[in-house]
Structures are given as structure tokens and as C-alpha cells.
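The structure is given below, and queries will be raised subsequently.
As written, the chain order gives the labels A, B, C and D, with residue 1 at the start of each chain.
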Amino acid sequence: MKLAGVFPYLVSPVDRDGGVMEEPLRRLVSHLVDAGVHGLTPLGSTGEFAYLGWAQKKRIVEIVVSETRRRVPVVAGVASTSTHDAAAQTGALVEAGADAILAILEAYFPLGEDGVEAYFRAIASAAKGRTVVLYTNPQFQRSDLSLAVIERLSHVQNIGYIKDASTNTGRLLSIIERTRGRMEVFSASAHIPACVMMIGGVGWMAGPACIVPRQSVRLYDAAKAGDWRAAMELQRPLWRVNEIFAKFSLAACIKTALNLQGFAVGEPIPPQAPLGDAARAEIEAVLRGVGALGEGAVGAVPAARR
Amino acid sequence: MKLAGVFPYLVSPVDRDGGVMEEPLRRLVSHLVDAGVHGLTPLGSTGEFAYLGWAQKKRIVEIVVSETRRRVPVVAGVASTSTHDAAAQTGALVEAGADAILAILEAYFPLGEDGVEAYFRAIASAAKGRTVVLYTNPQFQRSDLSLAVIERLSHVQNIGYIKDASTNTGRLLSIIERTRGRMEVFSASAHIPACVMMIGGVGWMAGPACIVPRQSVRLYDAAKAGDWRAAMELQRPLWRVNEIFAKFSLAACIKTALNLQGFAVGEPIPPQAPLGDAARAEIEAVLRGVGALGEGAVGAVPAARR
Amino acid sequence: MKLAGVFPYLVSPVDRDGGVMEEPLRRLVSHLVDAGVHGLTPLGSTGEFAYLGWAQKKRIVEIVVSETRRRVPVVAGVASTSTHDAAAQTGALVEAGADAILAILEAYFPLGEDGVEAYFRAIASAAKGRTVVLYTNPQFQRSDLSLAVIERLSHVQNIGYIKDASTNTGRLLSIIERTRGRMEVFSASAHIPACVMMIGGVGWMAGPACIVPRQSVRLYDAAKAGDWRAAMELQRPLWRVNEIFAKFSLAACIKTALNLQGFAVGEPIPPQAPLGDAARAEIEAVLRGVGALGEGAVGAVPAARR
Amino acid sequence: MKLAGVFPYLVSPVDRDGGVMEEPLRRLVSHLVDAGVHGLTPLGSTGEFAYLGWAQKKRIVEIVVSETRRRVPVVAGVASTSTHDAAAQTGALVEAGADAILAILEAYFPLGEDGVEAYFRAIASAAKGRTVVLYTNPQFQRSDLSLAVIERLSHVQNIGYIKDASTNTGRLLSIIERTRGRMEVFSASAHIPACVMMIGGVGWMAGPACIVPRQSVRLYDAAKAGDWRAAMELQRPLWRVNEIFAKFSLAACIKTALNLQGFAVGEPIPPQAPLGDAARAEIEAVLRGVGALGEGAVGAVPAARR
């Protein structure tokens, strides 16, 4: 399966008792598909995968798959410290209708390169032919995919993509040069999407795309067309969204922004705290600045009126 | 409940399919209680809590509680990123017979002091009066308990202990001075137990005690009696055990050592790798050096003969 | 003074007794100016500023200024932990003929934002109207210039540039957006120069430009002309040079490469070790791959024949 | 030369123009020797070695040697990134009368074990038979002395001591066990001196001893006599001094405390900032709490009256 374009990381709306809130999740999915995004990614960092139990994770993917109705691919996150558990999750999410798997390794004790490679190979095997996207995030994870391991994994038939959430854009070029023809690169919110497209990336998987989907698609289209001047004109103001996303806790930031836009997706999962008033005001100002809040901005009923 | 003395962190014997291996776990529990340890701690770092699912965790605590037969207290580990999940685990483990809870916070996104405090308070509430031991391990966890939060938590009625797995022994004295009369301190394998006892600690919770239980109890007795010369004589050779424990991956090291001693506890949970021959030989030499391997050393049938 | 384009960080040829080797330094300067670089930067990281005493530093700048004969600007590095010392160095290097100052803060104890700001303001004052380029390198330095401090410093009249040696390209866009009209950004070897140019940078200051000056100038010209397709075609093979520069110790890598190219610039300053044979072979292969070694590559007499 | 006991790290009184303030330095030296300390250590971390030029360093050692009049040994700090420079400093400080050398490695680029070892061997050679004390401080330095390198260096005839400024007390026991009979260990302020003495240390080199010299000597005497109960009674309140030393910037903290005690040693070297009122008040309270401020506490004329 070919993946390219803008893939928002979906937030995971969960109530105080741990129940998945189906309706706001469906509304968000529907809204994003209507806005033209090229795929959806539940259970990424922004989706608080690290705070969810298995039952919650499965339920979220089922809802997203159901609401998406195959209009765009659903790339579901699998994250674990254990190979056995990761393979089991993978099988179940494919069963639940995921079109592709975003493979995330969590580590507690330090792990050697062989262990890292074996973990991702096990997910690829369990994916029954579905496409696998490797995920690296050195900021929050204790292990990392080295260039050598990435190169080896690029030879696995159904490992076709990597999404790198480091801030090191040069590393992406190193990956691209080493895996050409076998693996494609997605940007993350910590990179400048226009730059990643210019060096050969195929799109981005990122939390901010949840709150600026139309703007993100316009930027993608300009970059895809090689119109770098237009791309940078769109990129500059959008970068503010990535800045606040990095500044405030990821999930808290996107949930706050979505609430401001009228999607009642709830609060971040405790012990994470909801953002304070100052953060909320800063997020609101940024949203207004990029036309993502206010009259007709998202077409959603403001939370206050619901 | 008063806790003091040597509390081995139990390994978690799990087979390739994720099944808990009951018999070797029972033998280990029985052996350690017979060797005179003062308590047992399933589901610590050495117990690979980070690699286990909830069903495995519950089963392990049930087996340990059943085999211990209340001869010594069982302090079961609760670890989560989510407050709701941690409270649920706590309730279930108390139900399963745990005498006390070792409370471990995992973090993915950075967490403020208020969030950290709320997490541990929630566990204390869910423990239904059972004693709670705070656990800090800045090496493997992304959040840390600051002195200010520890001091505040020491005022919670059933939070009576803290086990600090940093290597910073001075921090223990700072904790002791701030919480005197309300909280007691356990050493970890990264500290020198004799030193921690001298500055006012009440014992240690540590993986190495699984493989040198009798030697650990002798050291504790000397320190308890204030015989620091004898304590240091016992401590010096034992420190080699802590050194290899830090050098090799914790769970892999203790599982390897137990296998050498005749306890067929299996391998570390993949993608962790079993230790190689050089590590195995080094561990064997250290065990021999402290009389923890060979004729009559542990009274267990060598694995090879089983 | 307007600065833009390719500014190689010069190595510092120093013999075993600490003597500055004048002749190879002059040859290198002359060669680079002839190759079309837009400026020269002695006493950067690649110039081993951290390993040189003041007498050596002063001598190096004098030689570079003398050999350059004002054909291109010389941006001399000033680095210190002490404000007083940094100001004194600045005054003396301006006196010695430096056209601009690259201002580097070293820290031992943690330093607050006010201290960081005061340090750079003191250098700007001591520069007697000469242009100052801020330098940040979070990898090797213990303090860092925050966005807030950079913004405040951009209002200082003669602080006109910043060179950021982090690997975080997004940070450069954040700086550009905040300082537009007051400060320009230079890339470092840890960023992809073509990307930095696209987001609004004015060039790069980097060690690798010492060994691929002509190729660097061609890349700069393509980017300057907005021909991003051509820029990326030149950038891809050149990125290998940046990769080996990051992989091997910076100064050791560039000195090794220059020796291979026929510039007898000596070894890195002890206790740094010269690179081994494997590293040397890898560097040689990369140089050949980009046409920076072999027949007519650099126009220099091979070291072996000298 | 045998070294043992309490060795205060002297602050370096320097005026705004970089001039060494001779009189307060002489008064401090005289006061500490009278208070019974067993040696003096100029140019350690607390002595702001990282902020001083060579002329200042040499002058400070000359003053300390002259005022000490051989009543106790003077262990002068040598710190550099460069082997050649470190050897030159060593020779000059021995010439200036230093009884022993505290050898400090600064690093900018990462350094291999061979480079680290060669650096310290070069200092030992340059010391003309004078005793060398190795210094490790992983908190502020980029390189570290591994156990393997320490063991190798312990075989060098005149490398007789190591002072470890990590917070990892267990590492000290590992060093002691590996170098017995060849090398002795000094504690730093980040360790609990009573603990380090119990595991076999011979004293401590630390900034706080500047402000509580008499109390430090009493603690040393109790520990030396093996009276650990008395030692811990003295240690508990003194630990507060080490806590504030770690909390506030080292040199700023000790200079502030000395000024409060009537020693006009000036401010920390800019861009380090003087401590604010809150910090000053906290330091004052701690000093009073251990009897190091107030009527007859230090026998010095209060700064206000001078």
C-alpha cells in the first residue's frame, strides 16, 4: 500500500473512568477526512499510546476504521516493550481493519541493535503483509533506531516507511540516501515539513495536522508540485503551530486546541494535567493567526454552544 | 506494617509464549524465605515489570503470596503511566494478598510536580490502608520524585517508605533528614547497603539479594547491630555482585545467575537478549567469589542435572 | 559589514611543541580564497579553539588576516568562560585585523539567561563596531542561547548574525521568524545547507567547506538562484562529507582530509588522537566520491611528494 | 607525600578587572590553617579554575604557598584541554612551591580512554616526583575517568590519590577495591564524608570546608577514630551545608558564605551572577544552624565593619 501526504496523529478521547469517548472521535475522524487529509494515524504519541490499556487501544482503532470507511488508509500504532506483546497487538489491529501499522518500540533496559531489529521484524511478520511504518522518537524513547538497523530493516518486504520524530533533519537525508527505492520517509512535527519534502520525503505524520488539516494539505500540495516559494509562504505561519506543540505537552496541546475548535475530546489522561489559562490563550492566538479558529474556520460547533 | 531488612526483587520467570512459570517461581520464593530474607518484592525493575502485561503481573503476585504463606511480607510493584490504571492495579494486588505496595511511576511526556504527587496519592488511597513504598529510579524513568514532593508525600498516612534507586547516596541522607519520624528509607543495589544503614536506612530492596540471600542477611545483621567493621568486611566482597548487576542488564544478570545456581527461571523477556558467554563466565566467577555457587552454596539442584 | 555565502572553519595547524605552523595555514587560506569561498572563520570548533592558548589564537588570526589580504572577510572566533577575558580577546582580534567576531560562550557552572546575554553584549561592545556573529553549539557547550535571549540580542546594533550548530533545523526557522530584519542565520555542518538556504538562511560556516570549497560554492550559487532541484542534486553527494565530519572527531577529520589533499596541517592537538587507518580510508573514499581527491581535484601538491 | 584529612577548596578572590585580591586570600588561608585543616587546594571547581587565566592561576598559587608557610600541604589544581599546556602548568606550579598537583582534564571533543590516560600520565611526568591527585567530575566535565583507566593510572608511581566529585558513592568503593595499596580516595562535597571514610577513604577535598573548617575537622577526627555514632551526629547537621552548596552555584555559594563570615573575597567571576537575597538568606540560616556564623563563630571581622 502506497502512503503519502498528511497523516494527522489522532488524539484519544478518554473520559475520567477510562472509557473511550466514541462520538467526539468519530466527529474528528469525519472532519479530517472531509478536510482532505491523506490518512489517519491513531495511537501515536499525540494519541497518548503510552497512557492507554489494550482494550482502549483496540476500541479506538475500531472506531477510527469504522468511521473512516476506507476513504483514506488508517495507520494504527503498535507500541510495546515486549516482542511477544507487540506481535499480538499487530495481529489484532490488522484484524480490526488497520491498513498499516506504525511500529513503536518502548524500552526500559538498554537494548542492543540486534534486539531492536528483532522487535521490528516480529511486527512485520505479524502484520500479514500489511505495510509497516517504523517510528523513531529519541526524545521520549530510551532506545533508538541506528542508521545501520534502519538500512537492514529497509530490506524487509513490508517495511516501507519510516517516521522520524527527532529534531535532526540531517538524519532524514542520511536515511533517504541509504534506503532509496526501499523505504520512504515521513516528517514529524519536529521537522519543517517543507524541508523534508524538498530532500525527498513523502509527507508528514504529526499531531498539529489535527488542528490545521486544510492548511497542511495546501502546504503538501505546493511542496508536491515543487513550488517551494509557495510552500515556504504557507510553511512560515504554520511553523508557529509546531512551536506551541513542542512547547506544551503534545497531547494536552492538541486536545486543548481541538476543544477550542469545538471538538469535545476531553482532557489529557491523568496524571497529565490540563493546560493552564496562559497556555490556552497562547494556543488560541496561534490558531487564530493561521485561520484555524473563528468564523467558518473549522465548521464545527463551538464547545460552548454544544 | 513495619518493613525492615533484606527484600530481594524477585525475577519474573516467563516462557516464550508469555506464560508465567509457576514452579521455578515457587522454588525461588521458598528458597529465599528459608534463607532468612525479611520480605519479598515481586514486580520491581529486576522483575521486569516494564515487560509484563497485567494478567502476568497478577498471576505472579498470586503465586508469590501463596508460596510465602505470610512468613514474610510481600511488597508488590505497581507501575503505570496512568493514575487510573495504577489505582486499579493497586486495588487488585491488595485483593490478591499483597501486604504492601511498591509504587512506581512511569512517564512518557514530562510531568510536573503536582502530577507526580497526585499519582502517588492515588495509589495510597487505593491501597486500602496497606503500606506504600515510594520507588524512584531516575536512571530508567523519565520523571523523578523531588525532595519537596517526597516531603509532602511523607505526610500521607500509609506512605511509610521510600526506595531510591539513584546512585546518589547523599540524596538518601537529604530524604532521611527531611522525613524523620514519617518515612523510612530502603537502599537499592546502586547504593552501598552498609553506608545506607549507617546514615539511618532500614534495609535494602535489590535484585542481587535473590542470588546472595544468606550473605545479605548476615550483612544486615552486622549493620543492625552497629558493628560497622564487620559490616564492611562482609560488604566489600558483596559489592562485586552489585557491580556486575549494574554492568549487565539487570534482569538478564539475575536470571543468568539464578540459572547457574540451579533455578530454571528462564531467559529475560524478548527483545531483551540472554547474556553471552563472557558475561555468563564473569557472573559465575563473582558468584564463586562470594560463596554463592558450588558445593552446598545454595542447596539447589544445578540446572544441568534437572 | 554584510556576510553571506560559504565560510570554511579553518583548522589550526600546530606542531608538537605548540608552535603555529605558518606555511600550511597560509597555503590553506590562499587555496580557499582562490576556490571562491566568501569568507574565512579561524578559531571555530574545527579550529580547535578549545585547545589553544591566547598566544596561539592571536598568531593564527594574524596569519589569516595577512594572507587573506582583505579579499574576503575574516570572522575570528572569541571563546571564553569569562566576560572580561572575552572582551579583551575581542579587542585584540579586532586590532589584529579581524573583520567580524564569532562569539562563543563556554560555560562550566550553569549560567542563567541574564549571564548569557551579558556575555554576548560585552563582546559586542568590545568589537568597536565590527559585526558580531553569535555561535551556539548545544552539543559541546554547557549553556545555550534560548530563543528569548537570541531575540533580545538581535536588537544590539552590531550583532547581525547567528550560526547555530545544533542538529535542530526547525530551531533555525524559529530564529528567522523572530529576528527578521535584524539578524541573519548561517547554517552549520549539522544542518543540510540547501534546506537552511530555503528557509531563509544566508550561507554556512562549517568545517567541511575546508575540503570541498568549490563544490560548496556551486551549491551556494544554485541555492542563491532559487534552483532547488540543482541545489539538491549537488547537496546529496556532499552530505556524505558532513556525515563523516559528524562521525569522526571534527578537527581530526578535517586535518586528516586536508593531509590527504596535500595540505600538511599536522595532527589534532593532543590528547586528541590522530584518526586510525579505517577512518582515514573512509574519509579518502568520501573525498574521492565528491571529486575532492585525485587528479586535479584540489590543485595541491600531494603530501607524499612534498 | 602522604595526604589525608580535610582539604578545603579555596575560592579565588578576583576583582572586576581580573586582579587577584591578595589580602583576603591570605586571611582565608591563615584562618583555615589555624582552624586545623590538613591541607589546602587552590584552583579546584570552587576556585573557579575554569574562569581564570594562567597569570591569575599562578599568582593565586604563589600567594597560597607563601601564606601557608609549609604548615600544611598545598595541592594546586592543573586543568586544561591540552596535554602540552597541562604539563607546562604542572611544571610551573611545582616551581611555584605546590606540594602536590590536583590533575583535572577538560574536554571539548569526546576523548577515548587512551587520550584520557595519556593526559594524566603527562601531568605525572611533569610533576617532578610530586604527588598527583586525579580529579573526576562527570557533572561538569565532558570526559570521565573509567574504572579501567583509574586502575591503570594507579600503577603510576606518583599518582597516589583520586578525588571523585560524582554523586555516586558506590563508584568510590569500586575504585578502592581495585586500587588498594596504590591509590587512596578523597571524598567530594557530593558524597557524605562519613560514609566515604567508613568504606576506606582518607578525607575530603571540598568547597564547604572553607566555611565550616572546625566542624569538618571534628567530623574527620571522629571518623578517623572509628566512632561512627559520633561521626554521624556531626555529619547530619553539616550535610545541610553540602546541600546548599549543590543547590546554588558552587563558587557563588562559598563566596557568599565567606562574605557573610567577614572574608571580603568578592563576587563570582562574571558572567556568573552574585546570588540573590533569597539564596543569601538561606545560606545565612544554614551557617547559623551549624554555628558557622555569629558571635565568635569564625573570629573574623564582619564585612560590614571593615
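Convention: contacts are C-beta pairs under 8 Å (C-beta built on N, C-alpha and C of every residue); 3 or more make two chains touch, one makes a residue touch a chain.
Predicted model, so just to flag it, every value in this text is computed and none were measured.
Participant: I need the common contact partners of chain A and chain B, sorted by label.
Facilitator: none
Participant: Show me the overlap between the contact partners of chain B and those of chain D.
Facilitator: none
Participant: Of all chains present, which has the mean Cα position farthest from that of chain C?
Facilitator: B
Participant: Chain A to chain D: how many Å between their CA centres?
Facilitator: Chain centres of chain A and chain D, defined by C-alpha means, are spaced 51 Å apart.
Participant: Nearest whole angstrom, what separates the Cα centre of chain C from the Cα centre of chain D?
Facilitator: About 37 Å separates the centre of chain C from that of chain D.
Participant: Give me the residues of chain A that touch two or more other chains.
Facilitator: none
Participant: Could you list each pair of chains that touch one another?
Facilitator: A-B, A-C, B-D, C-D
Participant: Can you name the residues of chain A that touch chain B in the complex?
Facilitator: These residues of chain A touch chain B: 16-18, 45, 50-54, 81-85, 105-106, 108-112, 114-116, 118-119, 122, 140, 142, 249-252, 269-273.
Participant: Show which residues of chain C lie in contact with chain A when the two form their complex.
Facilitator: 166-171, 173-174, 177, 190-192, 194-195, 198-200, 226, 228-229, 232, 235-236, 239-240, 242-243
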